[in-house]
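There are two complexes below, and they share chain A, which is joined by chain B in the first and by chain C in the second.
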Partner chain A sequence: MSEEGKNTGVFICTSCGIKDCIDTSGLVKIAEEAVRFGNCIEQANLCHPEGIEVIKKSITDGKLNKVLIAACSPRAKTEEFRFNPDVQIERVNLREQVVGSHEPGDEDTQMLAEDMMRMSLAKLENTHLPTPFIPDKASEEILVLGGGISGITAATEGARAGYKITLVEREEKAGGWLNDLYKQIPMQSPWTRPQDPILAPALEALHQEKNISLLTNTEIIDISGQPGAFCVRMSRGGEEISKTVGAIVLATGWEPYDPSGVANLGYKDHTDVISSVEFEKTAGKGSFKRPSDGKPVKNVLFVQCAGSRDKDHLPYCSSVCCGTSLKQAQYVREANPDANVFIIYKDIRMPGMSENYYLEVQKDSRIFLTKGEVAGIIAEDDQLLVNIKDSLVYSDMDIAADLVVLAVGMTPRNSEDLKLSYKQGPGLPTLKYDFPDSHFICFPYETRRTGIYAAGSVRAPLTVSDSMEDAGGAMLKAIQCVEATKRGEAVHPRAGDQSYPELYMQRCTDCKRCTEECPFGAYDETEKGTPLPNPSRCRRCGICMGSCPERVISFKDFSIQSVSAMIKAIEVPDEFEEKPRVLVFLCENDAYPAFDMAGMKGLKYSPFVRIIPVRCIGSVNKIWISDALSRGFDGIMQIGCKPGDDYQCHFIQGSELTETRGENLQETLQTMMLEPERIRTEFIEIDEFDKIPALINDYMEEIELIGPNPFKDM
Partner chain B sequence: MEEKEQNSYQVFPGSKKILVVGGGISGMTTAIEAAEVGYEVVLVEKEEYLGGHAIEMNQYFPKLCPPYCGMEINFRRIKQNSRIKVLTGTQLKAVEGEEGNFEVNLITAPRFVNDKCTLCGDCTTVCPEERKNSFNQDMDFTKAIYLPHDLAFPALYTIDVDACRGESCNKCVEVCNYHAIDLKAKPIETSLEVGSVVYATGWKAYDANKLDSLLYGQHPDVITSLMMERLAAPNGPTAGMIQCPSDGRAPEKIAFVQCAGSRDHNHLAYCSGVCCSASMKQALNLAEVLPDAKISIHYIDLRVTGRNEAFLNRVEENKSIALLKGKVASILKDSDGGLKLMAEDVLSGKKKIYTADLVVLATGIIPSGIITDNFSVQSDYENPAELPAGMYLAGCAGKPLDISASLKQATGVALKAIASLKTADK
Partner chain C sequence: MGMETIRINPDIDFIEFLKKDSGSDLSICMQCGSCTAVCDLSPDENPFPRKEMIWAGWGLKDRLMADEDIWLCHQCGDCSATCPRDVRPADVMASARNYAYQHFARPRFLGRWLQSPKYLPLLIMIPALIIAGIIALAGTLKIPEGPVDYSHFFPHEWLNGSFSVLVLILVILMVGSVKKFYSGLRVAGSPDKSGSLLRSDALRVEKRSTLKRMWEIFIQKDFRSCTTNRFRYIGHYMVFGGFMMLLVVTLFAILATIFFEYPMPFFHPVKIAGNLAGVSLAIGIVFLAINRFKNPSGSKAGQYTDWFFLINLFLLAISGGIVELARFMDWSPWAYYLYFVHLVLVWLVVLYLPYTKFAHVIFRTIAMLK
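On to the complex of A and B.
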């Protein structure tokens, strides 16, 4: 039998212990009853070329557009089971999550496998292949905000890769802080001599690229829209310019930390205590003079970590100040061969090849370096007396200096310079120390505003050479976003996903949960509070779907309806059968692979659980939970990635939201007169597969203690 | 193959491919990032699995999170992106040509196990031979046919040709229900036209045997950072139990020797950049696993830059961990069989003696380098090779970097590799 557009093929693999573990004819029976048009085939070694051939032939002969493969985890044999892109594929994970984790030949194992077959059939019935969202005339142009070395490098490298770039600088000329540099710490082998700033050659390279338009004296008025169609309004010396761009690189750089508040360093009290930034500006102009009276200086003392690495001031290390002071010490010695330099540090941090420069500076016997803490600075006999505690030499000593230079740290410029007209605010959300990033180890360019990537010292304190490297990466991500948007695909972490949230507005009550809870600020709002989705800002996590009390939001291949249908498909035995049922919402990213690994290792857990994988634990909607409870499920587990400061949630806030929504769920339980233990939220890490049996079985024991759900027989 | 092309994602018409040599975290990053823009990439790795040293880590600093978490996402990105072709067991043999037009020759060693493998593991049950488990720093054994590690990608068994008895044994071939093993497999040579080449050949640990005074190789309880990483890992040789290799007892005093080979003119003059954070990470883990143990970190400078300061604070606040400034000059066997560390306490200026029953040498890192038939790349950070246009170094092939910095650098290299393809178009 066949009907155009509604033909489903079901293929059940009998290998990998499946046939030994369960009676596959039971699955065939279920499939044959459910599938009106199509076929159901049992096949050994389904992933082998002969098996693949069987599927392909059925797809062609039976004009199949939906294929269900009951075999191994969707994480396995992904390439083998990839067919014509017009065919929707659903996988039933029999190998890892049935054979691997449950007793063979057991009635309960069979019931589990049969329920999994029903759930997948229901999902296939209720989902569709996505049709991509592509903005009209998606722009390929890229805006780089900030014309310092990071912005210049990003623009140049983007243009070399063939993209049109607009580089915006608020000052009269590009170059940023590099305009003030006399020399910079060495960038290349042998890393022993300070070099001329890289700015001049970088600007030359910039000007060679025809595809870059540099707008100086220009500031952002506001930015609206979404990747592929950001609308940027700018003011160029008062004149308004508008531009549509596809993606944005934020390279607005840093500001020096103001050491006025660090009382023991006397920046406010003494004219001859200056910051390293101020000192740099006086370099290369002959001998150094005291700001107070213009007398030449002989003894200069550098204070490292002036405010940095200090919980009361700038808690982090600015990474570049050690190198800066070593370089400035050399300036002093070059200008006056009789000068003495003292550098007081906590640690000298010259990591990697920059150590070579540190070694070089140490060769100068008139540059004295010592670990120590500056306790105070007083003026005495026309000099500054710097009191130092806990040095390597003495526990307490005073050094007389003509000039004290404070090596001040770097603070990121506020990303609100972007002036985003987003519902969630004008800047990029930050994780720590005002640095706009999220998964900074594994996915360092990931920001929470899709299509906007931070580069250089606006994201972390970086040296000139590190900023330049960083800029290339941010530009690559911007280009990638432009190209993905043109294809109607999501960017990381669901790269390639063409589904996007669709809103059934008639039911929307303007409650604003979606606009507030989206971790990526994908929704704007009308004045009334009605959500205005921006699909190419969306990262497809489904958190908005989980937040919506009115079930307004759905994806073509993941919806309230599809999951509800899966829950409905599960057979819930009555209480006399003594077969409790626990529904598990399992995050696809870390928890699901952990369950797979448990299965591969043969770790066994209760066969009474029924697993529904979700894109993010934050995508779980309350309605599924209350549906399941009223159907008689005895317990509900939500298993997600680790929340907290060191969160591992790939969508940043999913796990955290699950915790806060938990209170709401308890209200639901109260209304239903059910015990609070009927819902449990757990977080596991991907390598904690060995903890899974205990995690599941302990909960099953608890559920058995509180007894069956009274809704079972209703 | 035909199916894959039919299914292929849209690629830029007429564009050449990018070759990435090295499938560690940097090479994977360059490959994935370029492929997600829309370019075709061939990623070659000499081992039979991707992930390099990063996937050997128990945890990443400063979050103390498992590498599998990010790796899983990256493997998913590779699996679902048909623009990336992964060749494991493969090395670069020769490169000719110029930017935009390189002709490369690759050689793929036989894995002896094909895509039909279903990870059932029957082969390991019958295999009579063992090999040292290189994934666990040779601290335990696997069979000659083995799965490299739990999350191995590609998810296939592999055979160590040096350990396997070959066709005279044939037990694995006979037991395999899936016809997945072919002991007759031969190396395959492939030639390829690519537009740019990225070397992400990574790093190796400085040979601790060269550090004469530190007793490595002479006392089993002196181990390297990489060994500590595997000892601490739940999927390591001891399932995460920390044991002294000499007798299996839980150590009571553990000392980390920083700059073991780094910042030392007799060995590596430079700072390897990552060892301070690596030891702190391991120390925090030990403090949790062995709450009664006393842990010391002997350092010259604590080089934990940027945001990782909060991580250093966490170590400073931990009562089990002592941070001691002063380089360890030598390690001696104590009369009771334990270890004695001779160190200079810089703060007091005195020579000090510390005892320990497990010593971890935070060994520095050196580039793995690469030698092909017609040229070689970077075997020394101090004297970086000048690469011709269209060729790039990514990650620790170029300089010592931590995971996050490697990823940033490798992402930037993807852009340069793409620009090289455009050069050819002009």
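On to the complex of A and C.
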């Protein structure tokens, strides 16, 4: 028998200890009762070619649309269990979360496996394959904003990969800071002398690409739309230009830190105390002259970390200032063989191979380096007397210098240059130190606005060579975005996901929670406050679904209804003493793999928990919690990824939102006359699998203390 | 830290001397402190030789010349073996000491002569002429008849007298430099313990009582803890022990010429001790020489003076033995020529002591006992 769109095949693997742990015939029975059209097959070694063949044959013969595989974790064997894209796949995690984590042959383990089968069947019943959203007039063109070395490189790389690029520069000519460089820190072996700026060859490469249109003297008026169809309005010397682009690379670069506020460095007090940026501009013009009286400069003192790595000024390391000062020290020594150069540092930081350059500069007997703190600078006779404390020389020092150069750090240019006409503002949200990253280590280039990728020193303080590498990376991301958007797929981090939030607008009350809580600014809104979704801006986390009090937001394969159905599918026994039940909402990104790992390590925890994986802990809607409580669940746990600076939610704000929404949930508990402990929120890191048994078992003990949910059996 | 503020004025010539003498590209020191971490002498609160390395690199000559820590160093080479930049701090410390010999010793021209082989004949001529002159004054400047008796060639009273004068000259020459060295230490060493760490009183050896420090000078137990170069310790101790013993034997011999019978018979205990000491000295020097070939320092420049001293001392020990042998074997007249050469070697070692490595016996002793 078959019915269009409802033919379900259930395949239960008996290997990897599954058969030894549970009675699979119980699962077969449940499946056979639930599935009206299709088949149910028990098979050993389901992931082996013979098992795959069985599934494939059933799909063809039985015209299956939905396939349920009860075997290992959905994170395992993904290649093996990939079939025709028209077939919807659901997995029951028997191996890791039943066999690995619970006692074999136990009645409670069997009940858990059977409930998991019911939940997955309910989910399959209530979800559908998504139909992708593809924006109208999807463009493959890429806009690069900022014509410095990062922008130039990004544009060149993009064009070489076959994409049309518009490179926008606000100044008269491209090149940015490199126009002011006399020489740059060496980028390759032999690391001995500063090299000529890479700008000229980079511009030559840029001009060779036919697919790049360079717009100088141009600024952004505004940007609207979404990936695949950003509408960019620009002003080129007053003349307005409009363009539709698929993705944007933000390469607007940096501004030098103004050290005026660092009192001990006397930047404001002495004319002959200048910044490294100012010094660079005077290089390459023969001997150096003092700004105050034009007399030739002999001894120069460089102060590293001028404001940097100081929590009162610029708290981070810009990673380029050490190299810059070493390079400038060589300028001074080349201009005058009798000059002495002093470099006072906190630490010399020459990343990677550039350590070789440090070694080379040190070889000069007249370049003196020490760790130390500049206590003050005073004018003495014709010179500046720099007082240094805490140096490696082991006494306080006075050094007379003709010129003091402050090695200043890099600050990112404000991303409001983008002039986004988004509901959540014109710029990119920042994470730390005003850099518009969404996660520095895991997701470089990803800003919190999908389709906009930061490259170069607007993203992080970088050297010229690092900026160029960065530019290539960000351009690849932009290309990935253009291509994925064209297919209606999410770019990141759920790459390839074709589902997107669909709003049942008739019930929307314009409460604006979704437009405000979306971490990625995917929603704009009308003047009235009605949400205007932009599906290609979306990262498919479901935080909007979790936020919606009217439950109007759903995905095809993850919805209010599908999760509610899963909750209803669980059998909650009446007797509490032996069979309490706790529902766990588990974030798929880090918490779920941690549970899998606990299973792989054989760590056992209470079999009374029932786990529902969610896209982000922020996607948990309040209704599921009240559903579960009225079903008689004794407790509910929400386990998300750890928030904070050192660790992070994949969707930036999911974990934090869950904490703030907690107050709301407590109100629900109060209206139901339930104890506040019935809901607990926990955060774990991906490698904290060893903490899981205690996490679960402690909560079970607490629930036993509180006693049964009074709604049980009502 | 740091009660006193110093005005930085790098002495480039000093840096260049150290670089040339040690053969170390010392300015590439990155002040990591690996040397300090492995140095057995360096206590927690006084990073030796790290601070000395930056003083060297910055040309802070006055600092290093007033630093007693460099004299406490055994040059065991642990730091050089550990240095990630191959700066060889041990060699730099040795070069700082070499600079100090020239820096403190007077008259300066002798120091200059000791720097280059071209002055070698001149350096040998000076004691040779002086000794010949003394013998001439004694009226014995001819090869005596009969069995070999050195007192016929160089009467005991003239010999003892002239060597007393030699030692006196040495003491007079040394007084000035020692005074300068000592007062430098006192100036640099601030009485305020919380202040400048220039004072090396934190170095481990300084925490002991004076008696213990004296004892350390004789037993050199700290030197034994050097793991990188054990061989050098053995060689050095043989030289040191042999030399000290010979000094005692010589004093006894002087007394013997006055109060007892002289020369002593071969099996006299003092004679046996003297001969053993001479052998120890010679073998010790061979050890040290082998060690120098095995672990060549990067520099060729600084080695001449060192070799001058080592070879002198070796020839001194060997010639002493031969002179004794010549007496027993009655090799007239060669015995007298050898005796003359031996005396010249004694003068070479003693007279030029302030300018060679040998001067460390003075500086190190002061640094240790201060």
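Heads up, the rule we're going with is that the second predicted complex is superposed on the first by the 709 of 714 C-alpha atoms of A that agree within 3 Å, B and C clash if a C-alpha of one lies under 4 Å from a C-alpha of the other, contacts with A are read in each partner's own complex, and residues count from 1 in each chain.
The rule is simple: contacts are C-beta pairs under 8 Å (C-beta built on N, C-alpha and C of every residue); 3 or more make two chains touch, one makes a residue touch a chain.
Everything quoted here is computed from the prediction, not taken from an experiment.
Aligning the shared chain A places chain B and chain C in steric conflict.
In the superposition on chain A, A:Glu204 makes contact with neither chain B nor chain C. Set against each other, chain B and chain C differ in how many residues of chain A they touch, and the higher count belongs to B. Contact with chain C, but none with chain B, is seen for A:Phe368 once the two complexes are overlaid on the shared chain. By the touch criterion defined above, A:Leu359 lies against chain B and chain C together after alignment on the C-alpha atoms of chain A. By the touch criterion stated above, A:Glu483 is placed in contact with chain B alone, chain C being left untouched. Of the two partner chains placed by the overlay, only chain B lies in contact with A:Ile441; chain C stays clear of it. Of the two partner chains, chain B is the only one touched by A:Ala161; chain C is not. Of the two partner chains placed by the overlay, neither chain B nor chain C lies in contact with A:Glu53. In the superposed pair of complexes, A:Glu701 makes contact with neither chain B nor chain C.
Once chain A of one complex is fitted onto chain A of the other, the partner contacts of A:Pro315 are limited to chain B, with no touch recorded for chain C. Clashing C-alpha atoms with chain B appear in just one stretch of chain C from the list 26-34, 62-70 or 98-106: 26-34. Overlap of the chain B and chain C interfaces on chain A: residues 348, 359, 371, 390, 392. Note for the complex: chain C touches chain A at residues 1-2, 4-8, 10, 12, 15-16, 19, 25, 27-31, 47, 50-51, 54-55, 57-60, 85, 196-198. Touching chain B in their complex are the following residues of chain A: 15-17, 45, 47-48, 56, 72, 75-76, 78-80, 82-85, 95, 157-158, 160-162, 188-190, 309, 311, 315-319, 347-356, 359, 371, 390, 392, 432-433, 435, 439-445, 460-461, 466, 469-473, 475-477, 479-480, 483-484, 487, 491-493, 495-496, 589-590, 593, 597, 600-601, 641-642, 646, 648, 650, 685-690. By the touch criterion given at the top, residues 3-4, 6-7, 9-10, 33-34, 36-38, 60, 63-66, 68-70, 72-73, 76-77, 79-82, 115-116, 118-120, 150-151, 155, 177-178, 234-235, 263, 269-273, 301-310, 313, 325, 346-347, 349, 381-384, 399-401, 403-405, 407-416, 418-419, 422 of chain B touch chain A in their complex. Of all residues in chain A, only 340, 342, 348, 358-359, 362-371, 387, 389-390, 392-400 touch chain C in the complex they form.
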